[in-house]
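Sharing a structure here in structure tokens format.
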Amino acid sequence: MSGVLFQLVQFALVLALAPLLTGIVRKVKARLNGRIGASPLQPYRDLARLLRKQPVAAEGASPLFFASPLAAFVILWLAAGLVPSFTTDLALAGSADLIALVALLAAARFATALGGLDVGTAFGGIGASRDMMLAALAEPAMLMVIVTLALVAGSTSLLRIVGFVVGGGVGVEISMSLALIALLMVAIAENGRIPIDNPATHLELTMVHEAMVLEYSGRQLALIEGAQMLKLLLYLSLVGAVFAPWTIAFEDTPDALMVGLIGYAGKLALGAVGLGLFEVTIAKMRVFRATEFLGGALLLGLLAAIFRLIAETV
Amino acid sequence: MLALIVGALGALLALGVAGLAGARHASIGRSIYGVAATVSAGLAVLGASRLTSGAADETLILPIGLPWLGCHLRLDALSAFFLVVVHAPASAIGAFAAGYVTHEPAQPRILPAYPVFVAAMTAVLIADDAYAFLLAWELMSLASWVLVLAHHEESDTRSAAWLYLVIATLGTVCLMAALGVLAGGAGDYAFASLRGARPAPLAGALVALLALLGAGSKAGLMPLHAWLPPAHAAAPTPVSALMSGVMTKVALYGLVRILFDLAGPLPWGWGAAIAMVGGASAVLGLLYALLQTDIKRLLAYSTVENIGIAAIGIGLALGFRASGQSALAALALTAGLLHALNHALFKSLLFLGTGALAAATGTRDLERLGGLIGRMPALALAMLAGAAAIAGLPPFNGFVSEWLTFQAILASPPAAQASLRLGLPLLGVLLALAAALAAVCFVRAFGIAFLGRARSPQAAAAHAPEAALVWPPLALGAACLLLGLVPALGIALSDPVLRALGVPAFAGALVGPAIQLGDNGAGYNAIGLAVAAGLLGLLTVVALHRLSPLTERRGAPWDCGFPDADPATQYTGSSFSQPLRRVFGPLFAVRERVDMPAPLERRAAGFAVSLRDPLWIALYRPVARLVEMLAGRLNVVQFLTIRRYLSLTFGVLVLLMVLVVIGA
Amino acid sequence: MSALAVMLLVPTAAAIALALAPGGVFAALINVGASLATLAASLVVLADRPAPTELWLIDDLNAYLIVLTAFVMTTTAVFSGGYMGHEVAAGRLSAGALRTYHALYQALNAAMLLAMAANNVGLLWVAIEAATLITVIMVSLYRTREAIEAAWKYFILASVGIALALFGTVLVYLAAQPVIGGGLEAMAWTVLQARAAGFSPAVLDLAFVFLLVGYGTKVGLAPVHAWLPDAHAEGPTPMSAVLSGLLLNVALYALLRFKMVLAGSRAAGTPGPLMIGLGLVSLLFAGLMLYRRRDLKRFFAYSSIEHMGIMTFAFGIGGGLANFAGLFHMAAHSLAKSSIFFAVGGISQVKGTREIAALSGLTASHPALGWGLVLAVVAIAGAPPFGLFTSEFLIVSSSFAHAPALTAVFMLGLLVGFAALVLRVQHIAFGAATPSHAGTAHQATTVVPLYTHVGLVLIAGLWLPAPLAGWFAAIARLLG
Amino acid sequence: MRPGLAALDYDVAHLSGALVLLAAFGLIYQRRLPGMINLFALQSAALGSAAAWQAWVQDASQLYVTAAIVWSLKAGAVPLGLHWLIHRLQTTRAVETVIGIGPTMLAAVALVALAIVLVTPIGADRSALTREELALALSVILLGLLIMITRRHAVSQVIGFMCIENGVTLAVVGVKGMPLVVEMSVAFSVMVACILFGIFFFHIRERFDTLDLHFLESFRGEDR
């Protein structure tokens, strides 16, 4: 029963924290750029504003145009809720493993891309095509990371992996570190951060995700923004859960849960700062360089898996 | 039960004869297809009930075929499973064909062969001796050859049909040899006695190779896939659906039957090899699919991909069984079998949908379609389901089998052979790449065809196809969703097969409708996720209703402030795949030609992309050229003088005498 | 008067009658009638076989071949009735030539039956020689430059072959004479087979070389096949049907008899490899030659060479299954190939040409002929459910077990030929229809025999009468 | 067999057989048609005498028939006919050979050697006579074939062909007690052969005024 309760709490938690996370990243970047920057709470205000505005849709926009943001938002919300954040006692934890998680992300992307194509503008097409291309390269890299983890923990179930890592199953290991780097690269690509894409740009042919959602406004745009924020949160908590799971609560004692919550918040904050730091230090690269970036990620993932196998064989 | 199936075969053949007679009137044609569909539905139900009831194997010997052998028939779990795989889609296809009669002028050439084709595929499944098996197998090729030739006026059709039949016969001959090795030249071709045969290692390897060539050529595994795209594109829609969705599964049946059932234990290496071939087919198939603009060709290449995925499962199962890990073998084989079933469903769906679409718009060319979702929402819904299923997205059935395949790959490192282990990450990459590219491919296919704005007058003027063409795809889509939500259904069908093949039942426990891999806790609970998603969705909708009451306003697309009314400014299919074409360009011989008029030159600039299957250039063209060259060289023998012919006689005589001298 | 005598005398008498009687409408009818009578007699012979005498022998091997010959001769007579009539009507042939044709047709019938019913190597040789000379005249029937040359080529090459075969025959007698002690005894199949064990293997080996080259020329094995394509192409089409369907079989039958004798001797090793070699060469060579052919009849003549290669390979491989398959293939091929020539005859008359390039879309313009051709070619290509699939299945599956390399080559040859056949038949039967020649020929006399043969081959593929299978099996054992 | 004549009959048989072979060599050597025809007549005569001798030795009456046939037809009628033919057709008298006489001779010698090698393993149960005769016959057959493929002139090819048949007949004569069937068939075939040749020469003549085959063969089945 507690599982259901914690599950609901987690759903609420991720939804509540996602905008804040984005806000913090922006704030960090602003400060590093020497600007004051907007308050970390700005994303909440933006979302509220978008919700209040009257949405405008192109003529000839099909029902799918309106359905796809909703679908993407819901799927990402669900996915974000599946990753153990502060406790492992989650009702749905058993019903989705890493592969299912990747599939959920793919489904969300599928929906968004179709939405981008729906109105039939050049920008929508550009965005959809490029986004799918990047995903086509990011997903294998992601799966390679999963392969490595599965080899280490003997399972693709997040709970198992978390338990295994906490149980000290792995020391500092080259394959794990390679996997971490690969996962971070994938996260950057998937979230359309610099150097792959610039979430802040508009009217640049280099933009990918923004081009895809150009036609959206009002509540649909709010859903999309929200989905983006959830995705970022998802990846950060995934990294946290897999590579730094020590704070996660394994039994339902209040203090354990407290530790879990605080640890989770700390991990997210750390991740946000790190991301901001990373983004300001490097420059955006051309779209077709991105394939090399992701190819690198894939290679790292493959190396990680092979190192792992060699470690087992010898 | 077996007698019923034989009766059904008779009925189908009778339908073929009726087709000869009544090809003229649409009504007769409709009823023939209707009956065929009904028979198929019956057979599907029959197979399912056999699997669930767990009845004993039935055998039957008909007094035809080889005089000393008779025609052995047998219905075991494997046959029953593939009976479902074949006839569940076939019934929908038959129903579609009935509605399609008015759109297909070539009925006189299709009607007689169609039921024969279905009958032949069924016969392959229940044949229990090498002769009957191969007779049915080649008859299947022959019937489909006639069907492919339905639109025989186009020369492309003829060359496609020729290539198809030649490759198919190559396969048949290979299977002849493979089964011959097992039968050992003793003349007892009954599968029962083939099972007993334990071929020597070398002979076993030969059997495996020949079986892979024979079944692989029919299934469309690389590099013997060349016939698939042209044949599917040339054939009438119901036929391409049958060939791509169903016949390729019969080929997989042949592979499983020979490698798992008839041939004795094979070294694990063969399993690994098959898996690798499968992985290569999966990725390359999709890369080619991505570049096609003819939807049928696109679907054909994606068939190559899916067969590849199924082959990965089967190959892994073979390897595991060889290295004595029966639990893993069960997992992998389940994955392979389920993927065969799933692909049969959604590939038939997609082909039928394409047929309906083509019937409504008069074209299958992506670049001439667009914006159809508004005009044919029901069809769009079905195709969306099909696209999601084939892209391996939850909650559809495609994901289930791909998930299982992944689990099989990930679970394998306990496998004894180090080399197999080190190959596995590569296999994983291939499968992952295939899954990701599938998403791209079908976002493109669906998005370009159904979304956006109409790219041609036909598409703009298109009206929804009649209901008879829409509900079969919808039904198949429902089936895909059902199997996706309740994987237990599919596994319940495949489990008896495992037991029949001496592999232990599926290792993973089935917690209600969900899969839970017992040993390593990985699990997939589609229902649970669906319910959760539903609740969250409801919550979101309600919240939105509260927070943003305003109804949306319609306006011109913003398009970054420069809206352009011309649909030509949209992304096209080729532009959509351009990035990947850039990335993977070397893998397929792509030639992009930009023809830019000089300044002040008054003509339109041009851009042309041409791509050719590099395997064709590497493999098929040399063979063709060799035959041509030899034929040319030998042709002089037709034009010698009598004296030279006599010299030939003289030469042969002397040669033979010398041979006798040497021999003595 | 025994049925056997009737069977041999009826066609002889008919030949004389047809030679003397003025030609005209009745000639064709007499021709069909005589063939029918012969067929009936042959059936009686089959029903109760006469015991072998010094000169005559009816056993499992030749019984079915005799009936097959009589049957195909009958159906071909029906076909030629319509076909030759049209040729004369079209002015391509004189009435006198037609009379010669009918007389020679029955003479050929008699000669072939004689060759197979004879229990004497010499008599067999004489009969085959006679059949050769008869067909030479038939080939030259049209008196065109091409026909004369084809006949000349046929005559020279065949005569040399025949002479070599005669020497082989003499050698066999030489081998038998010391054991059996001269006289007709030493030339009777029955005796030769029974007592072959004592013959000198060296002489038998040498003899078989000459017999293989000699009769092999008549069988049409490459590279001593040269006469065959032109003779088929230039002769009247019914004659091509008989030539491919029956005469080649007769020569092969002679080879089989001698192989049985060798099988009885100690040194039975020699025939196998030689036959395998020539068989494979013929198969591959003919398969490749198919691609460059322009003339429809010559095209199918090469396909006959290919199939003779298949049979020779099968008999060379030996063993119960392969021999069974070879015997079965003889029957199936003669039915299928003659039906193909019926179709070709009909096509060349309705379209007014035999150029493959000029023929297209037949299933659209003449469905009966077109689909008939498609079926017959599918059958000859060895696709199920026709009889030739059965034999090819048996050959491949049985020989691959112990001779993989050779069988791989064999499979390759099959595929090469198959591809060529399908390529051409698609061109002829499908696509846009070419204009038809004015005045289409008598369809019925073409179509009925055509579909009769195809139907028989189809049945053979699905079900084989038990007694026939029994004979095949028995002979297969004797062939070693 | 007559007593006391073993040595003699061997020599005579051998001699006649050798004569036949010698004539065959002569045919290869000879360049002019009339000469070839005469040599052929000589060869046939030798063959006939061989047959007659064997008939007397084995007192096998049917061999006398053979001898008669050979003498009358091959040594008489056919050569005369051929002479008449080349006279009537006014064809070229010289025979153009494909390869030079010398190499042809060498090939012929090699063939004879091959024939002997082939015949030697034949069991000792047979009298030396048959073995020798067989070797000679085989050689004559091979030489006949050689003539056919090294000569371009139709008549010379006909001669080569009949040389082959002479070889066969020589073999038949050598074998003991061969029934009449074969001789009959030989005679029969030779006769028919000649008739047919005649017919053909007519056709050929009325179409292309010469016998030289390579004019005839300009069409070869299919135009390329």
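Structural remarks
Letters A, B, C and D mark the chains as written, and numbering starts fresh at 1 in each.
In the analysis below, a residue touches a chain if its C-beta (ideal position, glycine included) is under 8 Å from a C-beta of that chain, and two chains touch if they have at least 3 such contacts.
None of the values given here were measured: they were computed from a predicted structure.
With centres taken as mean CA coordinates, the chain nearest to the overall protein centre is B. Here the two chains linked by the largest count of contacting C-beta pairs are A-B. Averaged C-alpha coordinates put the centre of chain C at 31 Å from the centre of chain D.
If each chain is reduced to the centroid of its CA atoms, chain B and chain C end up 43 Å from each other.
Mean C-alpha positions place chain A and chain D at a centre distance of 99 Å. Centres computed as Cα averages put chain B at a distance of 69 Å from chain D. In chain C, the residues that reach two or more other chains under the touch definition are 152, 156, 160, 164, 202, 206, 229. The set of chain B residues touching two or more other chains comprises 635, 638, 640, 642, 646, 649, 653, 657, 660, 664. For chain A, the set of residues touching two or more other chains is empty.
Contact annotation for chain pairs lists A-B, B-C, B-D, C-D, with touch applied as defined.
Against chain B, the residues of chain A that register as touching in their complex are 11, 48, 51-64, 66, 70, 73-75, 77-78, 81, 92, 94-97, 99-100, 103-104, 106-107, 109-110, 113-114, 117-126, 128-130, 132-133, 135-140, 142-144, 146-147, 150-151, 154-157, 159-160, 203, 214-215, 218-219, 222-223, 287-288, 291, 298, 302, 305-306, 309-310, 312-313. Within the complex formed with chain D, the chain B residues making contact are 635, 638-644, 646-647, 649-650, 653-654, 657-658, 660-661, 664.
Of all residues in chain D, only 118-119, 121-123, 125-126, 130, 134, 137-138, 141, 145, 148, 157, 161, 164-165, 167-168, 171-172, 175-179, 181-182, 184-186, 188-189, 192-193, 196, 200, 203-204, 207, 216-217, 219-222 touch chain C in the complex they form. Residue ranges on chain D touching chain B, taken from their complex, read 98, 111, 114, 117-118, 121, 142, 145-146, 148-149, 151-152, 157, 213-214, 217, 220-222, 224. Residues of chain B touching chain C in their complex: 63-68, 130-131, 134-136, 138-139, 142, 149, 152-153, 155, 158, 161-162, 165-166, 169-170, 173-174, 176-177, 179-181, 183-185, 187, 189, 206, 627-628, 630-632, 634-635, 637-638, 640, 642, 645-646, 648-649, 651-653, 656-657, 659-660, 663-664.
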